[in-house]
C-alpha cells in the first residue's frame, strides 16, 4: 500500500509493545477469550490425569474387596462401590479409556469423512449426489438407537464403540468438508495452481485440504465433546463397554442402584468428571468457533 | 441568520477493536437552521453517517461516544446519553436511509408500516386511514395501489417514497437523509431530491443531506460541511465554499466535480481515507496533502473564519481574515 | 380442477417422504435382523437345541432376511407392524399404549426448552458483548455439557432421596391414583377434563423432572441460534429504520427483528425435535417412563426385530413430518417465502 507515503513520520511510538509468547497465545488462538483458556486448562488437567492415570491411582481399579459402599475418606478419596472397588481409581482409569475411545473414534471419522467430503466437493457429479443423499438418509435415523444396534451387531467391547463412533460421525465431516471444498475450488488461487501445472492430486491435498483445517478444528473439538457423551450414554444403557472394565457411563449406571442406600458418590463423582470433560471440550470448541468461524465474526 | 434548530458540538466517537482504539469522529460541530437544507459531504468511511446516527441516539453497538452535546429544538443533551437522544426521534427528528427496500420491514404491508408510526404518535384508530392516504399522496403514491403490498413487491423508488411517508408520519422538523438516492437510478434520484426540497419548503422542515457526491448536494443545499477521516475540514455557506474553497481537500473535491457549463480537467484525489490510531494527533489529511508541512504534526487547528466560512487548516493560521 | 400450489407442494413432499421411508424401513429391518442375541434364547435360556430350532422355525426366524422383511411389510400394510416377541402384542398395540406417554413428555420438554432457550438467546443478542451475553454463553455451554442420564440421576438423588420434593420416579402416575379416562392421552389434561385437579397435579409432579432433563437438551441449541440469528437481524436496515421512526424498542426487537430471526430458529427447532425423540430413550430409561424410547431400548437389547424397525421408522417419519411442517411454517413467517411458494 502506498497510502502512507514517504513524507510520513515513522509510527514507532505507536506500535504495540513486543508481546510475550503467552500473550500471543492468549490473543492469537483465543482472541483474548478467557473462556477458551479455562477450557484448555481444564482439558489439560484432565488429559494429564488420564495419561498419567496408572501412576495416580491409589488402588487397583478392578480389585474386589470386602470394603463395600464406603463413603469418601482419606483412604478412599471418592469412596468405594458395591464390590469394594475404589471409585477414585476407577474414575481415573475410565477417563483414560473414554478419552482413547472418543479420540480415536473422532479422528477416524475426521480422516474418512474429510476424504469423502473432499472427493465429493471436488469431483461433484453423480458421485456427489449419491453420497450426499446417503448422508441425508443416515442423518434422518435416530443416531443413538442406530449406535446401540451397531454396537450390539459388532459385539460388545471397546473396539466396537470406536468403530461405531467413527461410523456415526463420518456424515458430519463429509458434509462440512464438502461444503468447504465446494466454496474453495472455484477460487482464483486454485485456478492459478492448475495453470502452473499442478496435478489434480496435488491440488486436492496441497491446496484444498489445508483450507479445511479451521472447520475441522472447530467441529472436531465440539464433536469430541459429543462423542465422549455418547460413549458414556451407550455404556450407561448397558451396551458397549461392559463391566468390570471401568467406564464413566457404566459407573453412573451401577451407582443408580445404590442411591437408595445413600451411596451418592458412586454415581455422582464419575458423572461430575464426565460432565467436566465434556464442558472443557465444549468451552474450547466454542472459543475456537468464536475465533475461527467467519460467520460468527468478532465478538 | 435563521433560528437554530439542530446543533452538534464537539462530538467525538471511538471504536475499539482488538485492544486498539481508533477515533472515527473527532471534535465535530454542526448547526442547522429551521427549514434549511444542509449538506454533509465526505468519502465513505469519513464518519458522516456515524456522527449523524450518534446525534440521534442510534450509535451502533460497540461505538464509544466520548464527548459532545446535541441540541434540538431548545433541548440540549450530552451525546453520551444515547437513550435520551432517541427521545428526539418521533418528536421532531426523522431519518431516511439509502437502502429503502431493506429499511422497510419485510413482514408488513406498506400501509401497515405507516400506520405503525401513527399509532406510535397516538393518532386514534378511526382517524388513521385518512391520514395514511394523505401521507401516501404527499409522497406521490396511491394508497389504493400500494397500501396492501409488501416491500418486496414494489420498486426501489416506491420503497423510498414509502419510507418517506413513514418518516413524515411523525411530522418532523428535521429529516436526516443518509444518501437517500444512492440505490436509485439517476432520473429517480433527481425526482426524489426535487420532491424532498418541495416538502421542505411546504412544511418548513430542515434536512441534513448526507452524501458523497458534492455536485449533487450543491444543487439543493444552502449550508455545507466537508468531512474527511472523522474531521470536519471546512464548513459554512455553500456559495462561499464553492466560490473560495480553502482546505486542500475541498479544493481537491471541487476540482473533481465535472461541470457541464465550464468544462475543466478533472483532477482525481490521490490516496484514501485514513484509519489512524488514537494516539496519532497530526492532521488526518496530511498524508495525502500536497501542502503538508511541519505544523501539520500538531493536529487540526480550530475553526479559522475566512472568506465568509470556516476552515480547519494550518495553511490559514495567523493569516488575516 | 386445479389444486392450490401449496397443496401440490405438500402432496409431493409426502409422496417423496413415503418412498424414503420405505428405504428406511428396509435398512432398519436389516439392522434389526443383524442383531446377534436371539429372542428365543433370551426368553427361554434353558431349552435344548432341538426345542430352540423348533421355536425359531415356528416364529419364522429361520427364514432368509428377504422373506422376513416381506412378512414384516405385509404386516405393516395390515396395520400391525409386526409382533413383539417381548410383549406378545402387535407392535401397533404396544405403540398405541406408549406414544401418549412420550408425546406428553416431549411436549412438556420442548415447551420448557423453547420458553427458556429463546429468551436466553434474545437477552444475549440484545446485550451482545456485555457481561450478560458472556454469562448466557457459559450457562449454555454448561447445560450442553451435562449428560442427560447423569443429570437425571443427580436430580433423583437430591430431589427425591434427599429432600423428598418430588414423587418417586416410577413412571407417569403413582399407583395411588387412578388414571383418568383417556381423551387426549396426556394424563395432566385428561385429569383436568375429568375434573380431578389432584390427579392432574400428581401427574404433573411425575412429569416435571423428566421433562426438565429432556427440555434442557433443547435449551442450548435454541439459545445459540436465537442469539446468532437475532444478532444478524438486529443489524438489518429495517431494524435501524424502525428505531429511527421512534417505534418502541419492544416493537422493533420482538416484532421485526425476532420475526426476521424466526426462520433459522424454526429450522433449528425442527432438528431439535428429532433429537428430543432420540433423547427420550435415555430420559425414559432413567425415569422408568413407559414411552416408546424405553420400548425401543428394551427391544434393541432383546433383539426384538419388529419393534426395533418400527420404532426407527416411527422416529424417522416424525422427523420427516416435522421438517415438512417447518418448511410450511416459513410461509407463515415471511411473506417473501409465501409468495415464492405460491408461484
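The letters A, B and C name the chains in turn, as written, and every chain counts its residues from 1.
The working rule: a residue touches a chain if its C-beta (ideal position, glycine included) is under 8 Å from a C-beta of that chain, and two chains touch if they have at least 3 such contacts.
The shown structure was predicted, so the numbers you read here are calculated from the model rather than taken from an experiment.
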Furthest chain, CA centroid comparison against chain A: B
Comparison of A-C and B-C by number of C-beta pairs in contact, larger one: A-C
Inter-chain centre distance, chain B versus chain C - centres from mean C-alpha coordinates, in Å: 53
Euclidean distance of C-alpha centroids - chain A vs chain C, Å: 26
Overlap residues in chain C, where contacts from two or more other chains coincide: 128-129
Junction residues of chain A, two or more chains touched: none
Complex interface listing, chain C residues touching chain A: 20, 23-24, 27-28, 31-32, 34-37, 128-129, 134, 137-138, 141-142, 144-147, 149-150, 153-154, 156-157, 161, 228, 274, 277-279, 281-282, 285-286, 296-297, 300-301, 303, 308, 311-312, 315-316, 319-320
In the complex, chain B residues that touch chain C: 56, 58, 61-62, 86, 89-91, 94-95, 97, 99, 102-107, 116-117, 120, 150, 152-153, 163, 166-167, 169-170
Partner chain B, residues of chain C touching it in the complex: 128-129, 236-238, 240-248, 251, 255-256, 259-260, 333-336, 339
Residues on chain A engaged by chain C in the complex (per definition of touch): 35, 137, 140-146, 148-150, 152-153, 155, 225, 229, 232-233, 236-239, 249, 252-253, 255-256, 259-260, 262, 264, 267-268, 271, 274-275, 278-279, 282-283, 286, 295-296, 299
